[in-house]
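Got some structures for you, see below.
The following pair of complexes shares a single chain, chain A, combined with chain B in the former and chain C in the latter.
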Partner chain A sequence: MVKVLVYPANSLILADLVERFGHEPLSVQQEIREKISAPGLDSPPLNITPDDPKIGLRYAAVEVPSGVRGRMALIGPLIEEAEAAVVVHDPDPTFGCMGCARTNELVNFLIRARKIPLLELKYPSTEDDARDFVVRVAEFLKSLENGK
Partner chain B sequence: MSEIVRIAQLSCGSEYSGIQQEIDEAARSVGAEMVFPDVDAGDIQRIEDEFGLRVASPDLKLMMARGKAVVDGISDIDAVFIGTCFRCAEAALVRSELRRYIYETTGLPVISYSFTERTTATTLLTRMEALTTMALRKNLLVRERQRGLTAGIDSGSTTTKCVVMRDNEIIGTGWVPTTKVLQSAEKAFEEALEAAGVREGELEAIGTTGYGRFLAGERFKADLVQEEVTVNSKGAVFLADTQKGDATVIDIGGMDNKAISVHNGIPGMFTLGGICAGASGRFLELTARRLGVEITELGALSVKGDARKIAMNSYCIVFGIQSLVNSLSAGAKPEDVAAAACHSVSEQVFEQQLQEVEVKEPVLMVGGSSLIEGLPKAMEELLHVEVHVPPNSQFIGAVGAALLSSGFIEEE
Partner chain C sequence: MKSDLDGVVTKLIILSSKRIMPGELLSKIYSLKKDLIVKETCFGAEVSGKKDDVEDALREARSLDPYGVFVKERGFLPGDPRRCRATRAGARPGFHQIELEVERLPLIAKALSEYERGALLRREEGEELNLSAGRFKEIIEDTLKDMSV
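Up next is the complex of A and B:
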């Protein structure tokens, strides 16, 4: 079993695919779940507090917008933990979306810099592309099993 | 309109900056609630073509789609708050264009704000209060004449001002430096009463504004306790006799600056700046001290000088003053230094605040700093329009409070 980071980090479809192939998906839902179920926090809707953008300073300097750093406080540790990653570019917002183009740029860079097994795909626009998309994700996940 | 003011929140990054609860709390404290206009996925997909602005961040597309929902009247909204992360250029473009679009097409009161994780409910309070006042109390704000015998107290961060008005005329004024809020307010109040020749018990209504408005309002049992954006707008157009049509009000204060677009005496778009002391009246106080002149003499000195002869390397109150000191030690004339200080403050307000509002003539400069002649002169040079300083401009907030509080006499 390999820890696979999915990006968009809140994509349920990608997380589900990773799980179906026997790996552990690293997604932002887990982080949020931990935040909203932890006692003593009251900062709806995500229970992200002003401390989170400060934690994000580990990944981006203070001149980077607070919204980027707040997101990085969630995603940064997942990137560090990841042993492989599946990244989908320009997805439909319903597929998964982190909302911020600057965060996307930084996350994509940091994932590449880790030099872990990485599959980058464009979001499919036709049914044929969608089939091909799923096949390629499946092959990538299987290859992780085989240690390729 | 519902009892609770419904403020549409069009934002990007507030939840990830950890400040959503601060926005909600600021709204709650002024009897308002934040609402997110409903949109569907199709609205978001179409919005770039419909609005005409292409952006990379999906949350900005959502923000634009919500803005269009407000304009289309899909949501029952009284006012609009537009907020994005500080230092995000893409968001700044959307924020600015969306604010203009909504204000021009709906006439709803709109404010915009760029936040960081340090933004608190207290920072947002005055803005939210002004927004709800514009939405809820338009009847009060349309008042053009002061009636009866009323007093207005402006408890500012640097000075406390008071005026007593009778039947649309100022009959007494008081002005003291702010030390302790209540003591200063009482002293200014006594000065104004004495000058007017009236007793406190004769007053028919009292209004308070400024930083110490709540404390002073409680002490004087004020009929009106109101933030300074709406009060100063009324005071400015009243004193300048420009209550009809458009006007722009600029007030450079001791702690923060206001730039307000006014239409028929009612504020529309406004910005409150308060991050940098280099853009405040405090900078000019320090300059006067360095030049060895009273702050009241700085204005006359500055209009004789030429700001271009002084190299200002920084807007910062510390390093900016250092630039002025260096110039003086290099033989610069005090009048040029005074002019450069006025230019520096005006330029910051011009660059950081006046870009956020529609500058429409007449431009009115008010507050105590407007009496430093070099400041309106520098602003004229930057804006290329005439800048008016109405009579009694230093009492702008107090006059606005006295004027608006007279509305409560009629209600009784």
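Up next is the complex of A and C:
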């Protein structure tokens, strides 16, 4: 079993496929669960502990907007833990007020910098695209099993 | 510091199935008689409990429709006032991602069932899956030629 980072970090389809093909998906909800099970934090990820800015500073400099550092405090440790990654590019919710373009760029850069096995895709919109999407993800995950 | 929530996982079960409804899913999970918190939702269910119990429930849920049941982790417990819509205004965080992906679940479910049957092969880079007009013309010409022989 390989720890596979999924991006978008809260993706249902990717987390399900990774689990279905026998690996462990790394998603941001796991980090949130860890945080809410620690006493003293009211409403994560809106509230942070004194440690979170320090974790965020490992990935982004102090002049970078605090939102980037806050997001990286959650996603950064997952990237470090990942042994492989499946990335879907440019999904709508990662753009605009719900997302953060700079964090997305930084996350994609850090995943590439780790030099772990990486699969990059786009969300399917037709039946043919969906078939291709599933085959690519399945073959990638099976290749991880074989240690290729 | 450890709390009571340690070891408890929460999963969202999202249905994209013509065979089961959330009510049937819940009946199946209740029939396991596990120590779980289960909440029926419009899209499926939320299940929370010890990891092994939750995994048993998910296995049973998937057995109802292997390609129509999708699962992802949830950070908060079911009905947590910090996230539940009953105590907040507007869509809860994470809704927009689910909304985007739910539209694609029927496509993924169909592709998954075809993949499991061994009916799918990987498309090469740049290869068109749709039949081009030129190739279609060739097939017609070949067929006509065969018929005339």
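Operating definition for what follows: the second predicted complex is superposed on the first by the 131 of 148 C-alpha atoms of A that agree within 3 Å, B and C clash if a C-alpha of one lies under 4 Å from a C-alpha of the other, contacts with A are read in each partner's own complex, and residues count from 1 in each chain.
Everything below uses one rule, namely that a contact is a pair of C-beta atoms (placed from the backbone, for glycine too) under 8 Å apart; a residue touches a chain by one contact, two chains touch by 3 or more.
Since we're looking at a predicted model, the values are computed, not measured.
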Partner touching more residues of chain A, whether chain B or chain C: C
Partner chain in contact with A:93 - chain B first, chain C second, else both or neither: both
Touching partner for A:2 - first (chain B), second (chain C), both, neither: neither
Which superposed partner A:131 touches (first chain B, second chain C, both, neither): second
Chain B versus chain C as contact partner of A:55, first or second or both or neither: neither
First (chain B), second (chain C), both or neither touched by A:121: neither
Contacts of A:64 with chain B and chain C, given as first, second, both or neither: first
On chain A, the residue positions that both chain B and chain C contact, one per complex: 42-44, 92-93, 98
Interface residues, chain C side, partner chain A - complex: 1-3, 5-6, 8-10, 12, 14, 70-76, 80, 82, 94, 96-98, 100-102, 104-105, 107-108, 110-112, 114-115, 120-123, 129-130
Sites on chain A touched by chain C in the complex: 8, 10-13, 15-17, 19-20, 25, 27-33, 35-40, 42-44, 91-93, 98, 123-136, 138-139
Contact footprint of chain B on chain A as seen in their complex: 42-46, 48-54, 63-71, 92-94, 97-102
Interfacial residue positions of chain B with respect to chain A in the complex: 12-21, 24, 41, 44, 55-59, 61-62, 85-88, 90-91, 115-118
